[in-house]
Amino acid sequence: MNLAGSLLQGLVLLAVAPASGWFIKKMKAASQNRRGPSLVQAYADLGKLFRKNMVISDQASWIFHAMPIVLFCSTVIAAWMIPAIGAEPLFGFLGDLVVFVYFLALGKFFLALAALDTGTTFGGMGSSREMTLGSLAEPAFLLTLFALAYRTQTLSLSGMASRLSAEAPLDGLYFMVPAFGAMLIVAIAESGRIPVDNPSTHLELTMIHEAMVLEYSGPYLALIEWAHQIKQLIFLTLLANFFIPSPALSVASPAAALLAVLIFAAKVLSLALLVGWIEIHCAKLRLFRVPDLLGVAYALAILSMLGQLMMGSWQ
Amino acid sequence: MTIACLLVIPLISGLLAVLSPAKRFLQWVFVSGAALLAGCAWALVFRTAGTGPRFEFGGNILLDPLAAVFVFLIATVGLLSAVYAAGYLFGESDLAIPLVKLKRYAIFFHLFLLSMLLVVLSNNLGIMWIAIEGTTLASAFLVNVDDKKSSIEAAWKYLILCTVGIALALFGIILVYYSATSGGGGEGQDLLHWSVLLSRAATLDPQIMKLAFVFILAGYGTKAGLAPFHSWLPDAHSQAPSPVSALLSGVLLSCSISGIIRFHILTRAAVGGGFSDGLLIFFGVLSVAVACPFILVQGDYKRLLAYSSVEHMGLTAAGIGFGSFFGVYGALLHIVNHAFTKSLLFFSCGHILHHFRTKEIRGVRGLLKTSPFLGTVFFAGILAIAGLPPFSVFVSEFSILSGGFASRHFGATAAVIALLVLIFAGFVRHLSEMALGERVREPHPSRNGWMDGVLWIGLFLIVSLGIYIPGPFQDLLHGAVRVVEGAGG
Amino acid sequence: MKTLFLLQFIFYIFGALIPALSGKNTRLASAASHLAAGIGSMLGLACALFVFASGIPFEWVFPGEGVFGNLTLRLDRLSAVFLFILSALSAAVSIYAVGYLKDHHRDARFLGFVYNSFICSMALVITAANAFYFLLSWEVMALTSYMFVVMEHEQKESRRAGLLYFVMTHLGTAFLMIAFLALFLNAGSFEFRDFQASASALAPAWKNAVFVCALIGLGTKAGMIPLHIWLPEAHTQAPSHASALMSGVMIKTAIYALLRFLFQFLGEIEAWWGGVILCAGILSALIGILYALMEHDLKRLLAYSSIENMGIVFLGIGSSLFFAASGRTAWAGFALIAALFHSVNHAFFKGLLFLGAGSVFSAVHCRDMERLGGLIHRMPATAAFFLTGCVAISALPPLNGFVSEWMTLIALFAGMQFQGLAARFFFPILASLFGFAGALAAMCFVKAFGITFLGSPRSSEAAQARESDGWMKAAMAVLSAGCVLLSAGAGWTAGILSRVAADLLEGAPADFLPSGQSVCVSGPAEMGRFMPAAGLGLLAVLPISLWIWRRLRLKQLKVRTGPNWDCGFSRITDRMQYSATGYSKPLRRIFSFLYQPLRRVEVEDEGHVLLRTAQRFESRIRPLFEEVLYRPLARWIIGLSEKARQIQTGHIQLYLSYILLTTIILVLVVRLL
Amino acid sequence: MTGAAWMLPALHFVAMLLLVTSLALIVSPQLFACIRFYALHSFLLALITTGTALYHRVPHVLIAAVLTLVLKTIVIPQIFYRMIRRLGIRRDVETYLNIPLSLIFSTLLVFISFYGVGNLRAIKPPLSQEFVSIAVATLFLGMFMMTTRKKALTQVLGLLLIENGLFLLGVTTTFGMPLLVEIGIFFDVLVGAIIMGVFVFKIRGAFEGLDMDQLTMLKG
C-alpha cells in the first residue's frame, strides 16, 4: 500500500504537470480578454510532439541525444523525492533535501551542455544565462530549505512538509512570510517565468530557456517540455506543501487519496494563480537586474533564518 | 704521520714551485702537493677522531676534533681548488696566465694553505693571530693575480680592512694575555696557550675577557666576513680567480670562525654564558640580514655568491651562539657544507665566466640549454646554497635553527628563518634568469677533464652529505661539538 | 608486507635511475621509467589496502643513528588514505605518461627521473614519522614539482610561474618549520610519536602559535586563499600528467599534514581554529571557482577549481574541529569523513580532468579554449572521460563528487545545533554559500566541457585533432572507473574513512556512520535510513528504459540531419559560437567588484566610423590578490633592498668607519653591561 | 719591584703627551707634518716603553724600546719621505672632515675610550689603567684617521698609529708577549708593510694617483 501510494503520487505529479502550465496560460489569457487554450490542448501539444519527425543539427553529438533523457529522468527523480499528496515519496529519505537540489542541477547541467553542443549562438547564450541565474538562485534556495529544515528539525522533504502543515497557521508567520517570499522568487527563477524569463517569447535576445532548446524537435522536445513542466510543478508543490496550511493528507484508502489529490490540486492551483498574477502585472526584468531580485530572495532567506534563530520556540 | 707533515708539505710544495723551471712541472708540483697534503690530512684527521687532543711543538700545536674538522676542510677544498686551478689557470685556454704569475700563484697558494692550517692547528693564540695575518698577506696576492684595476682595488681593500681588523684582534689577544698574567699566573709562554687558558678560565678577569672578546670578535669577524665588518668580502671574492674565490669563501672565512669559536669557548668559561653567545647571535643574525638585500638585488653573480658567504658565516656564528647540541653541531656541519657548496659554485662560476665572458647576471642566459652539465651543476649548487634538500646545507641549517629553538632564542631564530626565505627568493630569482631560458650562446665545445671532474666530485659531495653523513665524520663532528660545548675536550 | 612497502620505494628509485643508465633509446627509457613508477604505485596501493583491511599500522626504521632521530616510515590509517590517493592516481598517471610523452617531449628521460623522484618524495612525505625527514621530503617534493613547472623554461611564463611557486612554497615551508621547531621544543625530539605523546603539555600560547604557523605553512601548499597565487600558474605550466599529480596529490599532502597537526600534535582542540579554517575554506571555495569561471585556459581553469575543492575540504575539516572542540565527537567524525572523502574524490576526478586536458593539449597543442571546440567528434573517448570528470567535480549525482559534497553540506547544516546565535547563523550561511560555489562549479564545468568539446572547432588545429592513444585512454578509463566505483561503493569507502576518523578523534567509528553501508546516511541521531529499494531500482531502470524507447522511436520516425537553425539569416559560422569569455560574461558583470574587469576596444577605420577595417577587443580581469597584496609587497621589499644596498658604496673609508663605529659601540656595551 | 717615585708622574705626563701627539697627527694638514708627528708619537712610545721597563724592572722590554726608537722614529719615517718623493705625491692632506670637526670627533673618541675601559677592576699594575685607555684611544684615533683620509699613504699612516696603540698596550700591561709571538708579530707587520708598499705602487700604476676616491668601482 505504501509503495502503491508512493507510485500514485509520482504518477500524479507527472500527469498534472502539463495542466499546471496550462492553468497559468489560461489565466493570462483571461486577463487579456482572450479565451485561451483548452485543457486538452496542453496534452495534445505533448502528444503531437511525441509523434513528430525530427530534424537534428549536423553538429550534434551524442550529448544532444542524451540530454532529453537525462533531463527528464533527473527531473522525474527529483519529483519523486517531494511530498505531494501525503504519500511517502518514492525516493524520500532523510537528507534528501540536498540530493533533490543536486538532481535538479544534474538536469540543468546537461541542458546547458546540450545547448552548447550544436554550436549556435543562441544555445551558448541561453546556456550561459541559465547557469548564471541558476547558480545565483542556489544560495537562496538552499538557505530557505535549511531554514525550513531547521524549523522542522529534519532534513527530509516529506518530513518538513508534514511538520509544517501540522503547525498552527499563526505560529510561524514571522518565519513563513520571508521564507515564502524567498522560495517564490527562486521558484519563478528556476521555472523560467516572468519576470526572470519569458516562456512564451522567441525574441532572440531575451530568451533563456527557449534559447537552449532551439535545435530540438519531435519527441526530444516533448521530453524537454514535459520535464520543464514537471520542474515547474515541483516548485509549486514545494511551495504549496510547505507554506499553505491544510489538513494532513494521506493515501491510506482510495477515498482519502482522492481527497488528497483534490486538496493538492487546490493548493497548487492557488499558487499558480499567484504566479500567473505576477506574470500579468510584471514586465520581464533586464538580465542584469535579475541578480538583484535573487539578492532579495537571499536577503529574505537570511531574514527567515534569523527570525527562526531568534524567535524560534525550538531549543 | 705527524702533524708536522701537514705543515711541511705545503712549505715544500711552495719551495718546489719557486724552483720549478717549466709549466708542466709547476702544474705537477702544484697539484700533487695539494693531493699529498689532502691525503695526509685525511689520514690524520680520521685516525685521531676517536682519540683525545694531541699537542705538539711544545704545546703550540693542538689537534683536537674541532681542529680536525677544519683541517679536513682545508685539505679537501684545497685539493679541489688546486685540481680546478690546474685546468683553469694552467690550461690552454685564454684564461691561462703567464708562467711568472703562475709561479707566484703556486707559491702563494701553498703558503696560503700552510697559514690556514696553522690557524686552525695552533694552540698558541699568538701564533694563531700570526697565521691569520699570514693568510691575509698570502691571499692578497692571490686575489690580485691579473693586475686589473678592479683586482687591485679589491686586493687593497682586502688588505687594509683585514689588517685593521686583525689589529683589533691582536688588541684583544693582548688583553687576554694580560688578563691571564694579572690573574696571578705569572708569566710564560704557555699563558697564551688556549688549552692552558681554558683550564684556568676561572682566574681570568671577566671584565677584561669581555673587552677582549669584543675586540677579537671585531677583528676575526672582519676576517670571517661578519656584518658590518664584511665590506671587503664581496670585492675580494668577486675579483679573485674562481679557484681562489672558492678557497677564500669556503675555507678562509671558516678558519677565522674557528678562531672566534676558540675565543668564544674561552670567554664563556671565564665570563659565563650569555655574553659571547649573545654577541655571536647578534652579529650572526645581522650578517644574514645585511646579506639579504644584496642577494635579492644583485647584478654580479660572483658578488652574489660572496654575499651568500656573509649570510652563511652569519648563520654559523648564530649557530655557535645558540649553543646546545643542535646549534653547535649545525654550525660545524654548516661550515663544512658551506665550504663544499660554495667552492663548487665558485668553480662553476669559473666555467660560466669562461663561456659567457661576463660576471654580470644579465649577461648569462639559458645556461641549462647552453651547457646542460654546467647548468645542472650550477642549478644544484644554487639551490643547495639556498638551503634546499636533498643538499647538505639544508641539514645543517635545520640543525642550527633547531638549536635556536632549543636554546629558546625564538626571536632570532624566527628572524633568521624569515631572512632565509627572502634570500631563497633572491637566489631563485637570479637562478631562473641565469640557468633557465632560451640558449643565447653557442654551446661551448671545449671540455676540460680537470675542471669537470672537480664539479662532479663537488656535486657528489653536496648531495651525499645531504642524504647521509658517514660514521667517522659524524664521530668527528660529535667530538668537535663536545669541545665547543665544554664536555671533555 | 614490509618488503612490499619498501619495494615500492625501490621501484621509484629504480625508475628514477633508468633514464640515466639507459642508452640512446629515449622513448624506451622513458616508458620503462614511467612503468617502473607505475609498478611502484601498485605496490603502494597494495600496502594502503592492506592497512585498510588489517587495520594494523606498520612501520620501518632505517638502521643507524641520525642526529635528528632515525628515518622512520610509518603507515597508519591516515597515511594509508593518502598513500592510497597517491598510489591510485600515480598508477594511472604512469600509464598515461607512457603515451603522453611518446612524441612531443624531447626531455622525456629527464622527465622520467623527475617524475619518479616526485612520487617518491610524496610517498615519503606521507609516511615519514619524523619532522626532519618530513620536511626534507616536503622540500624535495617542492623541488621536483618546481622542475616540472619549469620544464618548458624557454617560455617566460614558465619561468615566472616557477619562481612564484618556488618562493611561495618555500615561504610555506618556513612557517611549517617554525611549527615543527616549536613542537620539537615541547617534545624534545623530532619524532611524530613524541609530538603526539607530549601534545597535552603544550602551553596554550604555543599551541595557538603552532596552529597559525602550520595553517599558513600548509595552507600555502594547499592553495588556501589568499596564499593560493602560485597554484594556477604552476599547475598550468607543468606537463599535464604532472599537473594531475600536483593537483590530485601534492596539495593533498598539506591536508594530510594539517590533520596530523590538528588532531594529533596540538592536544586539546580550540574552537576558533575551526572558525578560521571555515572562513578560509569558504573564501577559497568561492573565490577559487569565481576565478576559474573567468579562465579560458583549460588548465588554469582546472587549477583554480582545485582551489575551490581544497576550500571544500577545509570546510569539512573546519566544521570537524568545531564539533570536536565542543565535544560532539560523532558529528566531528562525520565532518572529518566528508573532508577525507572529498580529498580522495578530488584526486580521482581532478586527476582525470587534467589527464583529459593533457590529451586535448597533445592533440591540438593548445590550451586556449577559444581555439578549441567540437572535439567530441574527433576524440569521443577522451570527451566521454572528460565529461565523467566534469559531472563528478560538479558534484552531480550519481558520481563520487556528489557524495562528499553532500556529506560536507550536511555537516555544515549540523553546525546549527550549536549554542549561540553567531555559530548557529554562521553555519547555514556557510552552507548556502557553499551551495553557491557548487552551482558555480557546475557552470564552470559546463563551460569547460561545452566550449572545449562541443560545438564546432574554433581553429584548424582543433578541426584536425586526433584521438589519444591506448595508454592515455586506458589511464583515463581507470580514473573514470574510479569515480564511478567511489560513488557506488561510497558506503564502504565511508566505512574505511570512519575508522581513520576514529583514529584521529578517539571515538568509535560506528558513531560517525550509524547505518554503516549506506550512501544516504545523513549523520548521527535518527538520520540514517536506506533509500527505498524500489526507488533505487527505478534510478537505474528509468534512464535505461527511456533510452530503449528512444531507439525504438527513432526507428519509427523520419529523422533528418540539417544545418543549425539560423533564424532565417545567413548561415551560422563557427566564429559565431559563444566563446569561453562570452560564456562567463554575465558573471563578470555581476561580480565586477571582485574581478574589476578591464575591457578595451580598438577600432581601426579609414577615416570614418562606418569604414571600419578591423576591430580588436580585449578583456581581462585584474588579478586582485596579486595587485593588492603580493606585487606591492614584492615591490616594497625590492625597493627596501635597493636602499639598503647603498651601504656598500665602494669607499674604503666608509667601510672602516663601520668597523670603528661597531667597535666603539661594543666597547660601550661592555662598559654598560 | 717598582721604580722611583718620580717616574710615575713623569709617565703620566708622557702619556698625556702621547695623546696630544695623536690628536695633532690627526688634524695636521701637511703630509710631512704628519710623518713628523708620527715619528714623535713613536718616540714618546719608546719613552714610555723605557719608563715601563725601568719602573717595573723588566729589562727585556728595553729591547723593544730600542727597536721602536730605531724602526719607528727613524726608519719608517725615512721610508715615507722617500716614497713621497719618488711617487711625487702632493704634500697636503685631503680629508673628508675639516679640522674642528675632526678635533671634536677625536676628543669624543678619547672620552669614549676612557669611559669604556675605565672600569676594569682587576688591573694589577696601577699604571696600566690609563695606558689601556690610551691604547684604546690610539686604536680608535688611528681608525678614525683612516676613515677620514682620502689618500692611500695617509691611510697606511693610520694603520701605523693603530699599531702603536697595540704596542703601547702590549708593553705597558703585559710587558710584551712571549718571544715567539713577538717575533712573529714583528715579522708579520714587516711583511704587511712591504706588501702594502707594493700595492701602493700598483695603485699608482693603475689609477694614476693614490686617491682612494678612485677606488670605488666595486660597489653594491
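The chains carry the letters A, B, C and D, assigned in the order they are written, with residues numbered from 1 in each.
Here is the rule we go by: a residue touches a chain if its C-beta (ideal position, glycine included) is under 8 Å from a C-beta of that chain, and two chains touch if they have at least 3 such contacts.
As the structure is a prediction and not an experimental result, all values here were calculated from the model.
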Contacts shared by chain C with chain D include exactly B
Can you tell me which chain lies farthest from chain C, using the average of the Cα atoms as each chain's centre?
D
May I ask which two chains are joined by the most contacting C-beta pairs?
A-C
Chain centre separation in whole Å, for chain D relative to chain B (CA means):
31
Distance between chain A and chain C based on Cα centroids, please, to the nearest Å.
35
For the pair chain A and chain B, the C-alpha centroid-to-centroid distance in angstrom is 78
Roughly how far is chain A from chain D, going centre to centre by Cα mean, in whole Å?
99
For chain D, what residues touch not just one other chain but two or more?
117, 119, 136, 143, 146, 155, 215-218, 220
Using the touch rule from the top of the page, what residues of chain C touch 2 or more other chains?
645, 648, 652, 654, 656, 659, 663, 667, 670
Contacts with two or more other chains occur in chain B at residues 156-157, 160, 164, 168, 207, 211, 234, 294
So, with touch as defined above, which chain pairs make the list?
A-C, B-C, B-D, C-D
Spell out the part of chain A that touches chain C in their complex, as residue ranges.
3, 6, 52-63, 65, 69-70, 72-73, 76-77, 80, 88, 90-96, 98-99, 101-103, 105-106, 108-109, 112-113, 115-121, 123-125, 127-129, 131-132, 134-136, 138-143, 146-147, 149-150, 155, 204, 214-215, 218-219, 223, 287-288, 291, 298, 301-302, 305-306, 309-310
Chain C partner, complex, touching residues on chain D are 96, 109, 112-113, 115-119, 136, 140, 143-144, 146-150, 155, 212-213, 215-220
Touching residues (chain side chain B, partner chain C) in the complex:
156-157, 160-161, 164-165, 168, 207, 210-211, 214-215, 217-218, 222, 228-229, 231-232, 234, 275, 279, 290, 292-294, 296-297, 326, 329, 366, 368-369, 383, 388-390, 394, 398-399, 401-402, 404-406, 408, 413-414, 417-418, 420-422, 424-425, 428-429, 432-433, 436-438, 469, 474
For chain C, which residues count as touching chain B in their complex?
65, 67-68, 132, 135-137, 139-140, 142-143, 150, 153-154, 158-159, 162-163, 166-167, 170-171, 174, 177-178, 181-182, 184-185, 190, 637-638, 640-645, 647-648, 652, 654-656, 658-659, 662-663, 666-667, 669-670, 673
Quick check: in the complex, which residue numbers of chain C touch chain D?
645, 648-654, 656-657, 659-660, 663-664, 667-668, 670-671
